[in-house]
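We just call them A, B, C and D in the order they show up, numbering each chain from 1.
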């Protein structure tokens, strides 16, 4: 296992793909979480959304 | 007029229809009786067309219950429902007669005289060989009505039947529909031109944002409340 | 729920670490291929995991078509998506192995070709899910999943016959495998299965949240449509 | 009540009549596959002896692309003026419509093949060294395989965004085994080096399985919304 480039490439590729995929899951999760928190916040429902003001 | 309430032909309660995040119907509860002609009015996007399409089995309600002629599955009673949409539902490349002959087949009517009869009833000529695509808008609408009437349905659902139809033909169509109603059929008409149905319709229904706001026999009242 | 998730995630990470150690250190070096052969410990478990996920996708789709159960639809979606990710890993590690061993990046060998076709089928499934409008997606996707899964035996059978007519590079290893290698392989498979389950679980929670958000929006629209008209 | 086969026949005749009047599908298919033949002939020497090896693939790829044109047309016809809704509100069974559409497309593609094959033979100087009669069942089964899945997926794409792009995306991956079988069998027959029997059997099984499943779930797909 002395630094065979092919071996390294294969293992690295595997984890890059998995981590990239998990990254998309996490970012989408965070975005949705924010969205649902906003929806649940009482008072400023449909009239105005905080980020729509800018 | 005596108040003998006939058994309802269509019963809906708390009907909700959502398209993704958009709510087209937001809890419609109503009954429609046989031998009546109803005019459904409302602004664009009020849910009139969606309501009609739900009755015609083209949309599945998101929730709520719908019963037509005592059946909850549309398949069981489709034989008794006639539907006319805003588009013509006809093949542009075929003549009116050819179109009707094809649709008659779908309903199991293999007889040309019936097709000719409905075409005459809507005031067109069955011998016309021109393809429907070359008809005027008014003729298309009338042919489309003929298609909906073809199998002599118990319930007639009409979406904007009078748009682009000249005054004379409209009066003819209203008369025909009133006659159909007098035969004990239920007629539901979605329209923007309520005044055309004054005198013919038994009830006017005003829809707003996916709900029925008001039902009345008197169109005048509706216009006042709609403005207010 | 959340606690269980983190415990499981931790265990999976430990298992993955152990499996990595086993693959790189414990396992004996293959005589002819050398260290490159160790790609095998990632490549093969990924392939098995992907196939299992596709199989679950098929089962869930059939169940959805019969019962119209929304959970089955989510399971089908999640399995297809994670399955495609694992299948991508297979398709990328495969050529990296093939290059030093066979001297070529790609060969239209039976296993490679059929895996590629499988990948194409499930990518088209994901495309359909993206492109159809919300209401009918589950039904259409389930129908496609069933047809796609039925296609798999034909893919294997046709490519098998196609390829046996032509000369092909021999797959490495031959018939027998060193029991120590098999042991490492199975450990890696276990680790990757746990990992796949973990990813599916997260994706499942994401999809649930997505549907909650959609539902909340729908409820909002029911309450006050005026601001929401398209 | 008209029996389901009667409705299939009526719908098929209606489709043929519409196509006869507009000739949209058949004309564009013919021209399209002609273009493919010509364009391919630029990319390699069509008269070389080796081209016999790839002619089978070329022919079927040309037909596959041309079939997609026809498949998009069949349902587009039903979408104009939303005529499909008129079918859906009628008591006619969904499978009758599906079978009629499959048969219609089958006829279109077979006609196309009948017209194009002489052209291929002339341009690429093809001559079958194997049993040429096998090309007939091959064309039948192969075309059916393309058309049955294609019609199904085209119906599926009706309610997706950018539906004309979606059809090939869905159809091609699932058609790979069928396409492989068609190409290999054609090459086997043209070169006479091996038997095409296995491929024809495979294709007929494929047809059987997919026709059955499509008929089982078509109604669900048609009414999905």
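Here are some notes:
Methods note: contacts are C-beta pairs under 8 Å (C-beta built on N, C-alpha and C of every residue); 3 or more make two chains touch, one makes a residue touch a chain.
All values derive from a computational prediction rather than experimental measurement.
The central chain of the assembly on a C-alpha centroid basis is D. Here the spacing of subunit A and subunit C, counted between their Cα centres, is 20 Å. With centres taken as mean Cα positions, subunit D sits 31 Å from subunit C. In terms of their C-alpha centroids, the spacing between subunit B and subunit C amounts to 50 Å. Subunit A and subunit D have Cα centroids separated by 43 Å.
Residue positions 133, 135, 217, 226, 228 of subunit C each touch two or more of the other chains. In subunit D, the residues that reach two or more other chains under the touch definition are 225. Looking at which chains touch one another, you get A-C, B-C, B-D, C-D.
Those residues of subunit C that touch subunit B in the complex are listed here as 133-135, 214, 217-218, 221-222, 225-226, 228-230. Across the complex, subunit C is touched by residues 1-2, 4, 6-7, 9-11, 13-14, 17-18, 21-22, 25-26, 28-29, 32-33, 35-36, 39-40, 45-47 of subunit A.
Within the complex formed with subunit C, the residues of subunit B that make contact are 16, 18-23, 26-27, 45, 209-210.
Taken in their complex, subunit C has these residues touching subunit A: 20, 24-25, 29, 34-36, 38-39, 42-43, 46, 82, 85, 88-89, 92-93, 96-97, 99-100, 195, 199, 202-203, 205-206, 209-210, 212-213, 216-217, 220, 224, 226-228.
Residue ranges of subunit C in contact with subunit D, taken from their complex: 65, 117, 120-121, 123-124, 127-128, 131-133, 135-136, 139-140, 143-144, 146-148, 150-151, 154-155, 157-159, 161-162, 165.
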